[in-house]
Amino acid sequence: MSEFLQFVASGIGQGAIYGLVGVGFVIIYNVTGIINFAQGHYLMLSALTAVSLREAGLPAVPALLVAIVAGALAGVVTDRLVINPARRHSPLMLIILTVGVAIALEGLALLIWGVNPRRYGPFTAGPPLEVAGAAISRQTLWVLGVTLAMALALWWFFQRTLVGKAMQACAMNRDAARLQAINPAQMSLYAFTMAAAVAGVAGVVLVPITSAYYDMGVPFGLKGFTAAVIGGLVSPFGALAGGLSLGVAEAVGVGYVSSAMAEGVAFTVLALMLVLRPEGLLARVRMRWA
Amino acid sequence: MGLNRWGFLAFLVGIFGLGVLLIPVADALPFLTRANLVVFALHAIAAMGLTLVMGFAGQVSLGHAAFYGVGAYATALLTAKLEWHPLLAMATGAVMAAILAALLGRVVFRLRGHFLAMATLAFGLVFYVVMRGWDSLTGGNQGTGGIPAFALGGLRLDSDTSMYLFLWGVLMVGIVAARNLIKSRPGRALVAVGASEVAAASVGIDVARAKMSVFALGAIYASVAGSLYAHYVTYVSPDSFGLLPSLRFLVISTVGGIDSVWGAPLGSAVVVLLTEGTREVVPKFVSGATGSYEIVAYGLALVLVLLFLPRGLAGGLALVVQRANEWLRGRERPTPAAVLEEVELR
Amino acid sequence: MKRKLRFWYATALLMASLLFLAACAGGEEEAPRMPTPTAARQPTGEPIKIGVNIEQSGAASVQGEAYVRAATLWQEKVNREGGILGRPVELVIVDNKSDPTEAAVLTRRLVQQGVVAIVGPGTSPTTLAAMNAILESKIPVFSMGSADSIVVPVEQRPNVFKTPFHASQNVEAILVDMKRRGIQRIGLLTVNNPYGESGLAAWRAAEQRGEVQIVAAEKFEANATDVTPQLTRIMSANPQAVVVWAIPPGAPLARRNAVENLRINVPMYHDAGAGAELFLRLAGQSAEGAFMIHPKTLVWDQIPPTDRQYQVLQEFGRLYTQRYGEMSGFASYVWDALGLLKAAIEKAGSTDPQAIIRALETMGEYVGATGVFRMDPRDHLGLSASDLVLVTIKNGKWQLVR
Amino acid sequence: MSLLEVEGVTVAFGGLRALDGVSMKVEAGKVTALIGPNGAGKTTLLNVVSGILRPVRGQVRFRGRDITGWPQHKVASLGIARTFQDLQLFGNMTVREHLLVGRYRLTHTSLVEALLRLPRHFREERESRKAVDALLARLGLSDVADWPVNALPYGKQRLVGVARALALEPALLLLDEPTAGLSGTEAEEVGQLLGLLAREGLGVLLVEHHVGLVMSYCDWVVVLDHGLVIAQGVPEKVQSDPHVIEAYLGEEAA
């Protein structure tokens, strides 16, 4: 039993990160109709920036904040330089464009930071907490806390702010939104910025758990996308729930099935989800946006 | 009208000659070798399969390298372990790839747009994981080797030059086949499906079947290239068939232009030149530069080409040819034929 | 609209050029800070070209970086000391991006550029993919791949050599220590890539010989963020020791999860790939007490002067740590490969490939930083497991155990 | 037995009934018009007949054969051709190519035969080109045959849509507003063409707004409003039907 709990504890830690990356996919997809291949790369940029700033001696809080802003800026640049000028291209071209962005960002990271993984310590030192025989590291608690905070912040943003509501309107019907004087191009900019910022948050809380390295964007992007698809690609909260369930499924899969095929578990789930239930596991729950 | 059949044939002969001429060019250029030509041709053949899928049926695949892998592994296992004839192994691989693609297409083509892309992505990743995990068959991460050189009758492809010339021939066959397809009933049906599914169905085209068949055809191109790759390198490992190779095929196809049969060769040539060129040039300016400059250049090239030449280099080139034509003829008003020249240099 | 776009492009261009300048400046900073040449003769004449075909980016780039550093350092040293046969040495360093196909193509390209020998590729899949090109080239090639099959059977690999220990030799050395501690039952955690696979195969072979009992074998992905589930599984089989076969960041991650989350109290062994300073940096406090089987390079400053490798280790260790600030567990493989080539060319008195190969095979002993090489026509590695040492980490420093 | 029989067809989108028990017939050799205010369900009915939509209730019979819920391409291969209100032309294909695609159901060259250029490809290609040339000439499209359709003026594009449908050599032709956006003379020409085609035995069902055209060229008129058939009969009779007048006036008032 405690073994099972250990798997779950490990799984939710990873899953929360997947979920945060997934949130970005959902926001961008709903507002612009684009699947952004560079989503995991924002996480990577923020993580590496944070490491550099910490190494340069900046205190934790400003370093992490600046790093998140750096990630968000990458989102801004993606939208303004690539997505916006290509607004009239077919969706196919837009996906491939984001692939190009992802490749360029990864190369850039390699140029700036080199190949070696780097890391900084957990936010709070101390031994892991024991919950019914399962060990949960303190940083995992930080991850979960931050994830919860992000969920609340997103809820507030989409329910209580004008911009959030405008973005929702854009998500439901772009043409109708335009008629209500909502500028889709502007919404797209906000969407990319937000998605990148959320991924950036995931990046800076992730570093103490594993480490930061230049080619972490693709694996996290893929897992994040899987999380978003499990959630039905319609709701940020669906993506978070999808991420948690994916993380737990992976950890339990490693524990009870085969660790060699663990990665296969995620991608098989992705393939099955897309083919059998493109509307997502949680669509029944109708968790649209809030 | 583009070119008529004889014009096209003449053009083809010219292109083949050009391919042969590339050999001394590669020898003369300090940063190219004949091995680059081999890789260029291999990637062009595989990417042409993707070009067909994307350009002529409007479908995208992010898992194309998996089919490349099916061919490579089929050849590796059948020729090295069971000592089958290379041609038989290649055909088996192609059939397997086609069946796999058809099965995949059956389930996947109910999806549209992004979801389709992502489903093929997932398929490619699952293939990669399976090739790594199925040790007893594939040799797992360590790969499998001992593949003999391709031999057919007295022809033995054991040098870069012979391999390249053979591949260039295969590429020409691939181009002719693709062009044959486009100028025919099933080919026109595919283009129609790519343009409007509902209208295609309204003239009696079974849209799902058409997509499945072009997907299978694209897989065959990739698989044949994969088989020849296995013969060339004599060793295969999963890393050659993962996500990055799939993306590379995507880059080659889109940069080259997905609505022209010349797109894949053009794109492949550009990628080789870009790779080797930056490798050669950048270190001259930046000490200690590694492949990372090249990766940035690769990404930026993709973005820039798609932003400014959405129809790829082939489309851009066709436009240049047309403009040059107009200029030579003394600024006539564009005739329908000239408009067409732009539409198809097929 | 149009003007806005132009603004963004201008901004981007500005940022890009700034970045480029920064990168250039960075490059200059790292550029050779050569001590004033004290050595007598300046090498003259046609340079001797040696190809270096390395994974500078992609999956195996962590090793690749150390390889390139070692190569650059070696080139400077040799040219400072008079070159080879009085001629300067020119290394042609290329990045194969950890891509098997590129590794093969680059091998051919280097041959065409007229190199007399090649060091690299640096992993098993890249080496095996390039094997055809290597064999056709007939010039001496040193691989840093771990798989035995790179140099075995030697009749089929007449011009292929390697410098890293076979995975089986690492296993052999760990087993010596395990016997001493009476450890029979082990749990094995390997990274799911070619590197981990070769370790797994070597351990399976040892199990077949009855030297050890593997009670649990688990794998993890190279980019995993948490391997606690795998370790939990291993520990539930109750092993007397855990062996982790991985490179950074996987190896230090496994160590941290084991210590911090599960408080594993059995000995944990890592292999030489776990990555020296990178391991210390990424595992932090948790690194304390981990065992690693490794060439003597990690503890170069603790080797007694009576050791045969003393001189070589002192020189290599000083040069490398002075330049790069820290030792790498990988660097000595390239350092020794180049050293072996230099010795062979000097022994042969020419750069004829066949002569170099013959010289390598008949050189007798060559004392390198990795170990003492005794190559012969039957053995293109020539290292013995007894050159490996067991090290542990105390107070954030490597400590020689035996 | 009529050429096409629609019986009790009901289509619902969510709670909304787009068609509510619609029954009607199309005879061979006659032009039947389907009229009604916007949102009456005219296009929906065409979509049901051509297989794009599956009705929740009711039956569609073609030459007495039940084709309800058949996939679109099977319906088409029986010889039921259609055009679209928004044209749905094939991007930058030429006019000639559109017509060649239109002959898809009449030809059989397979993928393999095309790739390898087996004899059937050449034979069918020759036959098709001949037939297409004849049709182009008949519709007055010969001089733009090799233009890409997106370079044509709108009126010509509409005509290409009709030509593509006629290339199927259909027994039943479904037209969705073939005169929308056309000038008076162009619309007149379309009307004449339809009359001509009907005399050759073709059954035509058209959705039309152009009242003049309906009155002068149609043999039978069916009026839909809110998914219900409110009237049908010969044009003169329908024109004076109080229900019809009310439906149209209601629309104008709104």
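Order of writing sets the chain letters: A, B, C and D. Residues in each chain are counted from 1.
Simple rule for what comes next: a residue touches a chain if its C-beta (ideal position, glycine included) is under 8 Å from a C-beta of that chain, and two chains touch if they have at least 3 such contacts.
Please read these numbers as outputs of a predicted model, since none were measured by experiment.
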Centroid comparison with chain C (C-alpha atoms), farthest chain: D
Interchain centroid distance [CA atoms averaged], chain A/chain B, Å: 32
Chain centre separation in whole Å, for chain C relative to chain A (CA means): 34
Separation of mean Cα positions, chain D and chain A [Å, integer]: 49
Residue numbers of chain C (touch at least two other chains): 23, 56-59, 192
Residues of chain B engaged with two or more neighbouring chains: 132-133, 290-292, 294-295
For chain A, residues that touch 2 or more chains besides their own: 85, 108, 110-111, 260, 263
All pairs of touching chains, each written as two labels joined by a dash: A-B, A-C, B-C, B-D
In the complex, chain B residues that touch chain A: 54, 58, 60, 107-108, 110-111, 113-115, 117-119, 121-123, 125-126, 129-130, 132-133, 243, 247, 250-251, 254, 290-303, 306-307, 310
Chain B-facing residues of chain C, complex: 23-24, 27-28, 30-31, 56-59, 68, 72, 94-95, 97-101, 104-105, 108-109, 112-113, 124-125, 128-129, 131-133, 147, 149, 192-194, 196-198, 201
Parts of chain B lying in touch with chain C, wherever the complex brings them together: 30-36, 38-39, 132-133, 140-143, 145, 160, 229, 232-237, 239-240, 244, 279, 285-292, 294-295
Parts of chain D lying in touch with chain B, wherever the complex brings them together: 50-52, 71-73, 76-77, 81-82, 84, 88-94, 97, 100-102, 104-105, 107-111, 114-117, 121, 124-125, 128, 144, 146-148, 151, 164-165, 167-168
Partner chain B, residues of chain A touching it in the complex: 29, 33-35, 82, 85-86, 89, 91-93, 95-97, 99-108, 110-111, 218, 222, 225, 229, 258, 260-261, 263-264, 267-268, 270-271, 274-275, 278
